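Order of writing sets the chain letters: A, B, C and D. Residues in each chain are counted from 1.
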Amino acid sequence: MNREGPVEAELAWLERFTPATARAAAALPGLTGERILVVCHLDVKMVPMFAALTGAGAEVWACAANPATTRDQVAAHLTGLGVRVAARAGDPPGRHAANLAAAIQAGPTLLSEMGADASVATGGRLPGVRAGLEATGTGIDRLAGLDLAYPVFNWDDLPIKQGLHNRHLVGLMALITFVNVTGVSVFGRRVLVVGYGPVGRGVADAARSFGAVVEVCDPAPGARLAAGHLGFGTPSLAEGLARAEVVLTATGVDHAVPAAALAAAPDGVFLANVGHGSLELPVAELRAGVTGNPRPGVEVCELGGRTRYLLAGGAMLNLAAGPGDPFDTFDLVTALMLEATGFLATEGGSWPSGVHLLPAAVADRAARLVLG
Amino acid sequence: MNREGPVEAELAWLERFTPATARAAAALPGLTGERILVVCHLDVKMVPMFAALTGAGAEVWACAANPATTRDQVAAHLTGLGVRVAARAGDPPGRHAANLAAAIQAGPTLLSEMGADASVATGGRLPGVRAGLEATGTGIDRLAGLDLAYPVFNWDDLPIKQGLHNRHLVGLMALITFVNVTGVSVFGRRVLVVGYGPVGRGVADAARSFGAVVEVCDPAPGARLAAGHLGFGTPSLAEGLARAEVVLTATGVDHAVPAAALAAAPDGVFLANVGHGSLELPVAELRAGVTGNPRPGVEVCELGGRTRYLLAGGAMLNLAAGPGDPFDTFDLVTALMLEATGFLATEGGSWPSGVHLLPAAVADRAARLVLG
Amino acid sequence: MNREGPVEAELAWLERFTPATARAAAALPGLTGERILVVCHLDVKMVPMFAALTGAGAEVWACAANPATTRDQVAAHLTGLGVRVAARAGDPPGRHAANLAAAIQAGPTLLSEMGADASVATGGRLPGVRAGLEATGTGIDRLAGLDLAYPVFNWDDLPIKQGLHNRHLVGLMALITFVNVTGVSVFGRRVLVVGYGPVGRGVADAARSFGAVVEVCDPAPGARLAAGHLGFGTPSLAEGLARAEVVLTATGVDHAVPAAALAAAPDGVFLANVGHGSLELPVAELRAGVTGNPRPGVEVCELGGRTRYLLAGGAMLNLAAGPGDPFDTFDLVTALMLEATGFLATEGGSWPSGVHLLPAAVADRAARLVLG
Amino acid sequence: MNREGPVEAELAWLERFTPATARAAAALPGLTGERILVVCHLDVKMVPMFAALTGAGAEVWACAANPATTRDQVAAHLTGLGVRVAARAGDPPGRHAANLAAAIQAGPTLLSEMGADASVATGGRLPGVRAGLEATGTGIDRLAGLDLAYPVFNWDDLPIKQGLHNRHLVGLMALITFVNVTGVSVFGRRVLVVGYGPVGRGVADAARSFGAVVEVCDPAPGARLAAGHLGFGTPSLAEGLARAEVVLTATGVDHAVPAAALAAAPDGVFLANVGHGSLELPVAELRAGVTGNPRPGVEVCELGGRTRYLLAGGAMLNLAAGPGDPFDTFDLVTALMLEATGFLATEGGSWPSGVHLLPAAVADRAARLVLG
C-alpha cells in the first residue's frame, strides 16, 4: 500500500488530510524543557505528531510499540526532525528492549504510550515522570497491576475512540482488505462474526453492507440480543461454524475459535482475525497444514480433509495485510494525542497518581478541531 | 385509521400534502364536452382528482373498482362536486354491475380505469371513447385479450409506479401495519418473504430495517441471486417455512404457499400477504381452524396441533388492515392521473388502438410537479 | 391502540409473547413475608410482573409513576390479583400523593421504582426497606441527592436497556407513530434529529430507513463526529432548523429547541419529541398559536406567519400518541424486573447503602430467558 | 492487484471460485466444426471460458475489446490452449484492426462480442456467421444501425447483469478502489453521485455504507424521486457541486460534468468516474492543470486557484485503478457466456436476423449453476 514511496511524498499527501493535527500543533503550549518518551507504531501517520512535539521545543524519544511495524524510512525521517530513535524494522527482542532502556535512562518528564512498556519496565516508578498517556486496552490492563508514581490518562476508552475507530474504521477496513487480499467478494456468502463488542459490531455492519449473510456469535446474552435487534442471526459458535463461509474473529481473547470447533466448518472457509491479538484463531494448528500461499496474505491449510484459507496469518487483517486506518481518519488520533500531551504538560501532572480517563474536555477539543 | 372523520376535514388535511395534484389541476386543459368514466377506489385520496376534472369542465362518472373499498361519505362528497356516482359501500354484484352499465350508457369519451371493468364489459368496443388509462397489472392482462377500438395507456408499468409505490411504499406500510395490528415487533424474528419482485424487495428491506432476520424465497434463480447480493438468505420454500416466525407473501400468485407446505412452520408463526390477490396464503384451510380473534385483523388458527396467526384474512395487509398509502405519497398518483387525463384529451386520442405504455414525458411532468 | 379492549383479552395476547417473563416468574424465590412497593406505569404490560410477585407470596402495593398513564381497568385487574392499588386514571396531585403515602405507611421491605417517588418522599430513609430498584435516569438523578439508608440498584444504565430499548425501540416506534398520527410519510423529507444520544441514534437510523434525508444536531463534538461517520449531515441547530421539514427532539433537556430558533423553520414543519420530558420543544409558544386539531395528536400552530404541526403536544411521541413498546420487546423488561426483585430479596439487601448498577449477572439471566 | 503473478497461479486461485463456469463447461454441447470469434478483454478471468470452448472442440479466435486491457501473459496462455490470438498489450490501432481482420478472414460461424467490433467492421453481413452474442450497451447501440444477416443475442440487458453487476459490483468496487487509491476514507464526506441509473444507485448505496453524506444528481425527475425515497438529497448539479467533497460520475454521457460547472466545487474535491466512458468528467481541462501525481492513480489539478484530485484519469475507477470484478462474482459472467454459446450453437442460429434479448431460460440456467 505505497509503503515503498519516499516518506516525504507520503507525508505531503497525508498533510492534506490532517488539518486538525496541524491546528493542534499550532495550539500546543511551549514544551521546552520537557523530555517526552513516546512508545508507538513508527509509521508515517505518526510523523506529524512528532514534528509538532519537537517544534514546540520538547526533546522526544521514540520507541517502537512493535518492531514488526517499524518502518526504517520513518525512523530516519524522525531522526531528521531531531527525535531520538534507535528502533529499526524487525529489531530482535534484545535490541528492542535495549532501545527502550536507553530512552528510559534519558529521564523522561512525560510519557505517551501504546502498550505501557516503559511503565511496566520500571514498575510504574519512573522517577522524573509527571504524567503519562496510554492508548490501548492492553496497556490499561497492564497498568492496573502497578503502583504508579504518576497519573496516566487512558484515552482508549474515550467515546470518540471506541465509537469511531473501533466501531467503524476497523470493520470497514477489514472488509476492504478481505476483498483486496483474496480477490473474492462476500456477496451472498455466510459470514460469521465471532465477538460482538464495538469492533465486532463494525465488522458485522460492514460485512452486511458488502452483501454478506451475516451471523454473530458472542457468549454474552446481551450482545446476542443486541445483534438480534439488528437482524443478525445469533447461533452458537458450533452452529455458526458449521455453515460459515467466512469467519471473522473480534473477541480480544486468545483461542476464541479452538481447532476442534473449526473442524466442522465447510470446505473452503476463509479465516481472518480483526481482534488485537494474533491468536484468536487456532493459528498453530492451521499452519501445521499449510500447502500453499496462492496470494500474499493467503495461506491454504489442509486439515482433516478440508481446506481452510487463513488470511494474514491470523494477525489483525486490516493492519497486517492492509493499510490500517485511512489517512484522514487518523487526523483525530494525532490531534487528540497532541491535545492530550499539552494537557499533560500544563495540568495533568497535578492529578493524583493512578489511571484516569482522559478528561472529556480534552477529547472534545480534538473533536472540534476535526469538525473544522 | 380515521375513516370515521368527516370527509371534509380529511380533505383539508390531505390537501396540505398534495401540492403536485393542485398544480396538475391548474395545468389541465379545458375538458368541457368530455365525458369521463373513472373506475377507481372511492376513497378520500381520489377526491382531489375528481374535483380537478369537474373543475376543468368535464362531466364525470365514478364507478367503484371494488365495492368493498367504497366509502359512502366520499361518494356523497363526490356527488356534491357534480360527479355522477351511484356506488355505495358494499354494493352487491348486481347493483355494482348496474352502476357500471349506467355509466357506460352515458357515452364516455375518455376512460380512466383500475382493473379495466368498463373495457371488458364492452369487449373493448365502447363506441364514443377516444382513449383510456389503466392503472393495474390485472387490468393490463385483461385488456390483452380484447380487440380494442381505442388506445389505452398503461401507467402501472411506469418506472415511477413500480420503483416508488411498489418498491418502497408497500413494504414500509406493510411492516408498520404488522406492528400496529399485532402489537408485536419483528426485532430478531426470522421473517420469510415469499416472492422477490419489486414488492417483495421492498418488504424484505423494510423487515430488515425493522430488525428482522430476513430470508427470501423465489422460484426465479435470478431473483435469488439478487436477494443474495443484499445478504438475504435464499432457502427453498420448504426450508424457509420450517424456521419462519413471520411469513409475508408477495408473489402475485394464488396458492403461492400451499397448506401442506405450511404444516412445517413453527408454532406461533404469523402469516400475512402483501400481494394483490387475497389467496396467496391457504386462507380456506387456515380459516377452517380459526379459534379466536384476539385483536382486529388477527385470527388464531389451530391446525395440526400448531398455532398460526392469520393477519387481515390473507388480504393485502397494508390496505385491508392499514391505511394504504400515506397522503403525501399519493400526490404523485393523482398528479399523474391528471397529467395523463390531459394527455388523453389532447393527444392520446390520435394514437393507434391497443395498449401503450404511458409516454415517459407525461410521467416526467407529474414527477416534476412533485419535486416542486 | 386497542386500549378499550378488556384487559383479560389483552393479557391473553400479551402472554403469548412474554415467555421470558413466565420463566422468570417460575424461577422467583419464595417472597412470603416481603412487602413490595412498586411505582410504575399501571399499564397492561406490567400485569404479568405483578401476578408473578403475588404468586410468589409477596404482599404488593402498586402506585402510579404518572397518573396520566394509569388505566382503571388495569388497576381493577391488579386488585383482583391481590395487589393493593388505590390509583385511578388522572388522579389529581393530592390523591396521587395520598396513595403513595398510604403505600409507604404499609412498611415495604423492598422497592421497585420508576422515578424514585417513594425514596424522595421519605428522604431515602424508609425504615424497613432492605433494597430497591430504580428504572429511570430521572430517578437515578433524584437519588443522587439523598442519604440513602438502603442500596438501590440502577437498571436504567444496563447495556441491555440503553442498547436495546433506548437505541432501537424508541426510534422505530416513534417513526411508526409519526406515520400513524399524521397519515404522512417521511420519504424524501428532510428530518432533523436534535440530540444524538442512544435515543437520537435510533431515531436517526429509523428515519433513514423510512426514507428521510436525515441530519443531526448535537452540541457534543464527539456525537457530531459519530453521526458524520454514518453519513448524517451535522449542521448547527440554526442551519438544520432552517431547512428541516420534520424536527424530532431527543435531548433529555427542556427547551432544547427555543421558540426563537424555531422561527426560521420552513412553513409546514412537523415538530415532535421523543425525549423523556415534554418541554424540549417550545410547547407554550406553539400552543399560543393553535388554530386547529385536524387529526388526533396533531395541532396546527400558526406563528409568525408560518404553520407548524405539533405532534402529541410535545410529549413523548411514541408513548403519548402511540402504543409505546411492542408486547414482545417488553418481555425483557418484566423478566428483568422479576430477576432483579429475586436478587433484592436474596442478596441485594446485604449490599452497602447507596446506588449501584444492577449486577451484570442478574441482567444476563434475564437476557438468557429472552433468548430462550 | 497481483497482475504480475504468473497466470497459472492466478488461474488456480480463480478456479476455486468459479464452480458454475466449470459446470457450464461440462454441460457444453460438442462444438467441433464451430469457428468462434470472441472479442473481449484478454484478462485472466476470461481464460476458463476459452478453455471450455476449445475443450468442447471449437476453433477459437480471440481479439481484444480494448488493447489497453490486454495482458500478454494471458494471450500467451490462451495460445497454449489452442486459441488463435495475435493481440498484445497496447497494440496500436493499425495492428489492433489487422488482428480483427485476420480473425474475420478465418470465417467464424459464431460471434461472442463486447462492443460489436466484428459486426460493425463487416456491416453486420459476416457471411458464415449463424448467430452472435453482445455483452455491452455500446455494442447494442452500434448494432442498431446495421442490417444484420444473423441474430445477435443481447445479454447486457438481462436482469442478472443489470441487477447484479451494474447494480452492486461496480459501486462496491468503486468505493473500495477509492480508498485504496487515495488512502482516504469517505466517512462524513459529502459525496455527489452524478447519474442515478443502476450503476449510480449502487455507487450511492456503497458510498452511504462507507459513511458518506450522499447526494444524487440526475436530470430525470423519476430518478430524483427514486433517490429521494432512499433519503438521498437531490440537488441540481450546480447546487450539488458547490458543496461536494467527492464527485462520482455514472451517467454514460460524455461531458456530464462540464468544466464550467466544476469551477464552483470546493477546494480539494476528489473527482472520479465509474461510467463506461472516460469523458464524463472534463478530463482535458483538468489535465491542463496537473501539478503532481502524489500516488498512482491520483493527479493533482490546479484550476482557477482551487485543487482537484482526478482519479484514474477519469477512466472507470474500479477497472482502471482497481481489480474490476472480484473473481467469484465473475463466475456468473463466464458461466452465462458458456450457456449462451451453447444456445447459439444449438438453437440460436434458427432465430430471425436482428437483435434479441438472450432468452430468460438461458440466463436462468447460468444463475442456477451459480446457486449450486
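Note that in this section contacts are C-beta pairs under 8 Å (C-beta built on N, C-alpha and C of every residue); 3 or more make two chains touch, one makes a residue touch a chain.
Here the structure is a predicted model, which means the values were calculated and not measured.
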item: Shortest contact path, subunit B to subunit C, counted in steps; value: 1
item: Chain whose average C-alpha position is farthest from subunit D's own; value: C
item: Contact-richer chain pair [C-D vs B-D]; value: B-D
item: Chain centre separation in whole Å, for subunit D relative to subunit A (CA means); value: 37
item: Interchain centroid distance [CA atoms averaged], subunit C/subunit D, Å; value: 54
item: Cα-centroid distance, subunit B relative to subunit D, in whole angstrom; value: 39
item: Shared-contact residues (touching 2 or more other chains) in subunit B; value: 168, 187, 211, 225, 229-230, 234
item: List of subunit B residues in touch with subunit A within their complex; value: 187-188, 207-208, 211-214, 225, 228-234
item: Residues of subunit A defined as touching subunit D within the complex; value: 1-2, 5, 9, 12-14, 16-17, 168-169, 172-173, 176, 179-180, 183-185, 187, 206, 209-211, 268, 294-296, 323, 326-329
item: Residues on subunit C engaged by subunit A in the complex (per definition of touch); value: 158-160, 163-164, 167-168, 220-222, 224-226, 229-230, 234, 332, 363-364, 367-368, 370-371
